[in-house]
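One structure below.
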Amino acid sequence: MATTILECAGLKKYFGGVKALDGVSFNLAKGEVHALVGENGAGKSTLIKTLSGAFAWDEGTVSLKGKPYSPTDPREAKDKGLQVVHQEFNLLEHLSVAENICIEAMPRRAFGFLDRAEMARRARAALDAIGLTDVDVSTRVETLGIAHRQLIEIARALQSKSDILILDEPTATLTDREKERLFAIVESIQEQGVTVVFVTHHLDEVFRICNRVTVFRNGKTIITENIAESSPERVVQHMIGASLDSSVDESRNHPTFGELALRVENLVHVQNPHGEGVSFELRYGETLGIAGLVGAGRTEILRSLFGVNEIVSGDIQLDGKSVRFRDPSESIAAGIGFVTEDRKDEGLVIDMSIAANVSLASMKKVNRAGFMDFSAEQRNTQQRAGQLKLKYGHFNDAASSLSGGNQQKVVLAKWLESGPKILLLDEPTRGVDVGAKAEIYSIIRSLAVEQGMAILVVSSETPELMTLCDRIAVLANHRITGILDRPDFSESAILQYAYGQDPNARQQA
Amino acid sequence: MTATTKTSHKYSAKSILESFGIGIALLLLIVFFSVTTEHFLSSNNITNILSQVTINLILAIGMTFVILIGGIDLSVGSVMAFAAVVAGKAISMEGFGPAELITVAIIAGLAAGFVCGLLNGVISAYWALPSFIVTLGMLNIARGAALHITDARTIYSFPYAFEEFGSLLFYGIPVVFLVALALVFIAWVVLTRTVFGRILYAIGNNEEAVRLAGHRVFRYKVAAYTICGLTAGIAAIVYMARLNISSPIAGIGFELNAIAGVIIGGTSLSGGRGSIIGTLLGVFIIGVLANGLILLGLSDFMRQMITGVVIIVAVILDHYRAKYAS
Amino acid sequence: MKIQHTIKYIALGVALGFGTAQADDKPVVGLIMKSLANEFFQNMLEGAEAHAEERGDYELKAVGMQNETDFESQINAVENFITQGVDAIVVAPADSRAMVRPLKKAAAAGITVINFDVALDADAKKQQDFELAFVGPDNRGGAKMAGDALAKALGEGGKVVIVEGNPGADNATERRLGFEDSIAEYKLELLDSRTAHWETEEANSVFSTMLTAHPEIQGVMAANDSMAVGVVKALEAAGRDDILVVGFDNINAVGPMIADGRMLATVDQFGTAMAANAIDQALEVVAGGAPLEGWVKTPIELVTQ
């Protein structure tokens, strides 16, 4: 094996009490293509941000080319030869390809005038270096497709002398042909002696172009393997870990549910690229989870059921009757509540009072001939606060004065006030501390079991779904790849479905 | 939960301080001018100030509704002129008694303002256009229409009772100011005591959350602009009653004074935060400043500069209020 | 009538934009005015149109502006008229300096140029070596007529205030100077002088405050009648019938006020006839008459009860 260029040992990074990195150790060899894989939140993004100088780590050491390395800002990381192409593009759409490539160091002539000829020459050279000879450097970026933009980012990153190039989810938005082109470019970069770090969710790509793979789980590096000696199944096994599979509560294996609440058939919404859509059923008293990787189309299902996202085709039956909501006011009237993913942008009117937030989706209950019934509002808020064990100062305090967990309880209270029969939950415990998490779980369970609510919950945390749900539907790229009943719950099965693998086919592996 | 309790006290104390702050600024101005000028506190001058702020106050009430939902209405000055000439045409019809003419004129003026506001609201809300641009268009449309209707000529000679109303005093207080004060009270009730007002504030804070909570945001936005147009119509009637003319070039630049009053009064330009009481105080700060600086004998140009400084200081204070709040 | 009016303007605008001159052997006169939102210029335009119809021996092309300070569109109008090859340009400049250069260009192109209403700036003309006569009223002289009427009524030592027009506007400056001439000549006492931007409501507010500051005011000189109306309303509100008001322009609304004594006097500069007069002068020159020189003063008249 070639010489080691970068070595990480025992990296740790805390955000408040959360361990984002909890012991990351691995090395990169000169000229290799090295994959970083792991579930959402396993620590890959945090690692990239620390290595590229976006923020510092708390413990551990990194050495680059044998010298200690701790960049204080992204510029220093670049100067030392480490370049990152981020998932979100940083291109200026209205400028030309040449301007974008040279943006960090515009060539200048005397008196600070821009040297356009030199700029075009440098850009041309950068594009040619990665074989992108068919793109004119004077083209404006906004006229190019996603794939070209990605490649231009890579060209920009590579024009200054780089030793390490980190590609964060580079294939997420590419078509198969575009991917092939990217892979060819990665190979040619590799031949020039550059180390490429490839962060991805797609194991087939890992096994296609990478030399080694490092697996992350819960902020730790689990193992680094040579691709030649590994298999996708082994990698998934490492990502999941074996011990967690036993945490399923056996007592809930044979529950009884009520009437059919919701039947969804071939639902296709505007963001869905496939024609067949998704189909599932939900009964009163039942909690159905929707698992899947980020971008698999989970939130979009909830939003289209609720009448926010436009539905292209398919049938939704509520209590046996076909419905199609065009606006949240209609779905709320029909008895649906929607706890959105983003508290600050969609869930709360954060600068308004707790009471105002609690009554926002059920103004009828505090409406006396157009005037506010403030005492009714206080009573209702008090009642919900008791039910949800809300910790607060005063109901007239702004929602922003609360902790994350209590803010989430206010969102829940708002929807419970509207008296829903069906509750849609999107990441119900994101940014919530452990104690409040447990409380929210028990609230959700009691809504289903004691009040017979039909609950549909989307979460990126597999253990959360396994705790809350009676069934879990797994989504991969806008398709349901599997629906698991409670006895069949396992992190490995869910993860394999999420990666588009069939868990039943690997029993003997 | 002591931590939350603490922030809560800070929060409520702060919101009281906000209105207090403007009130104290106004009080300081009044004290300053009382000490430095001879006539400031005379009953005549107080009557003057009250009638001088009336039109701006009425326009600023409607403007408060629009700014609270995060919009702006640049057309109110022109819409006022348009409503005034529509009412002026109506009141100059022949063959009717004064009572009928006055009634018809008031209805026509209010309707003209109402329609302009409705158009502002529907167009900006339906196509999600910046209200800045839509109302800038309306500014030109209404002004052009006012000039077109009148051939740029001033309309004058109204029924005696109507002309009289504009200068009526009630214990030294202009009756038109009392009308404006009644509108302030109504607006205060609507904004703080009704479901409609609650939703308006919420839209200014987080439109998406309000929409997802099942409220038809479109209707509320249209309503806010319509209220603003309607107050421009009311201002037009008051203008006619006070000055006994309808001029198609009335109210040029009045929108900026109204916006300044609202902003000085502590309503945030980004919406969601502010109060009608603040607007009342903000309008008075502008009015007292204009009056007091003339009494002080300051030149017109100094007066303009000082007014500009006050507006900028108010916006800087708003910036810190917003930062403090988050 | 109004609709026809509008259509005519749109048509004219289009014609100007494309620079198409009509084939006609009648001399063509281009009339450039200030803001048609101003009653004064509106009257002037109608006077000119009536005049063109009455004479019938020339073709009138008239353009106005968006507002008082939009001299850009006046410059464009001059250039369009040059392109179209009109015989004469009759212009009321929005800016007494900015218009010198384009008008010099027009004169150099052989077009008869007549400057009316507001005179081009003498220094600017000298600097650009451009001689041009001025046909128009004496704003300063007119204001002095009004001021003199007030001064005679008050007697020496009378206490007055001035309500000015837009600061920086030429006619506002001239009228203020005219008022000041009267004040000096009749030894009046000037207590305060402030702008109300030609506006009724602002004049009302500003004057009522001036009255508080100076209750001893005996006379008011307003630089236009719109502001005089605001002053009269402020006096009514204050219950003062002992203060005399003079204005300028003789708009319709002040007729009844002069009749019943609420205003002492205003000045009529016969705006309706002003453009027509200037056009007559232009046509004479076009027909081979002697070029105009210096200041051809147009009539002004004091209007009293």
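A few comments on the model shown:
We call the chains A, B and C, going by the order they appear; numbering starts again at 1 in every chain.
What we mean here is this: a residue touches a chain if its C-beta (ideal position, glycine included) is under 8 Å from a C-beta of that chain, and two chains touch if they have at least 3 such contacts.
These numbers come from a predicted model, not from an experiment.
For the remaining chains, with chain B not counted, the touching-connected groups are A | C. Ranked by how far their CA centres sit from the centre of chain A, the chains are topped by C.
In this view the innermost chain, defined by its CA centroid being closest to the centroid of all protein CA atoms, is B. Between the CA-based centres of chain A and chain C the separation comes to 70 Å, rounded to the whole angstrom.
Inter-chain spacing, taken between the CA centroids of chain A and chain B, is 47 Å. Centre-to-centre separation between chain B and chain C, using Cα means, comes to 34 Å.
The set of chain C residues touching two or more other chains is empty. Interface of chain B with chain A (complex): residues 1, 4-9, 11-12, 193-199, 201-202, 205-206, 208-216, 272-273, 325-326. Per the touch definition, chain A reaches chain B in the complex via residues 306, 308, 327-329, 331-333, 338, 340, 345-352, 356, 360-361, 363, 366-367, 370-372, 391-394, 396-398, 400-403, 406, 414, 418.
The residues of chain C lying in touch with chain B in their complex are 2, 6, 36-39, 41-42, 167, 192, 194-195, 197, 199-201, 204-206, 208-210, 212-213, 215, 226, 229-230, 233, 236-238, 251-253, 256.
By the touch criterion stated above, chain B contacts chain C in their complex at residues 37, 39, 42, 44-45, 47-48, 51-52, 55, 143, 147-148, 151-154, 156-157, 166-167, 239, 242-245, 247-252, 290-291, 294-295, 297, 300-301.
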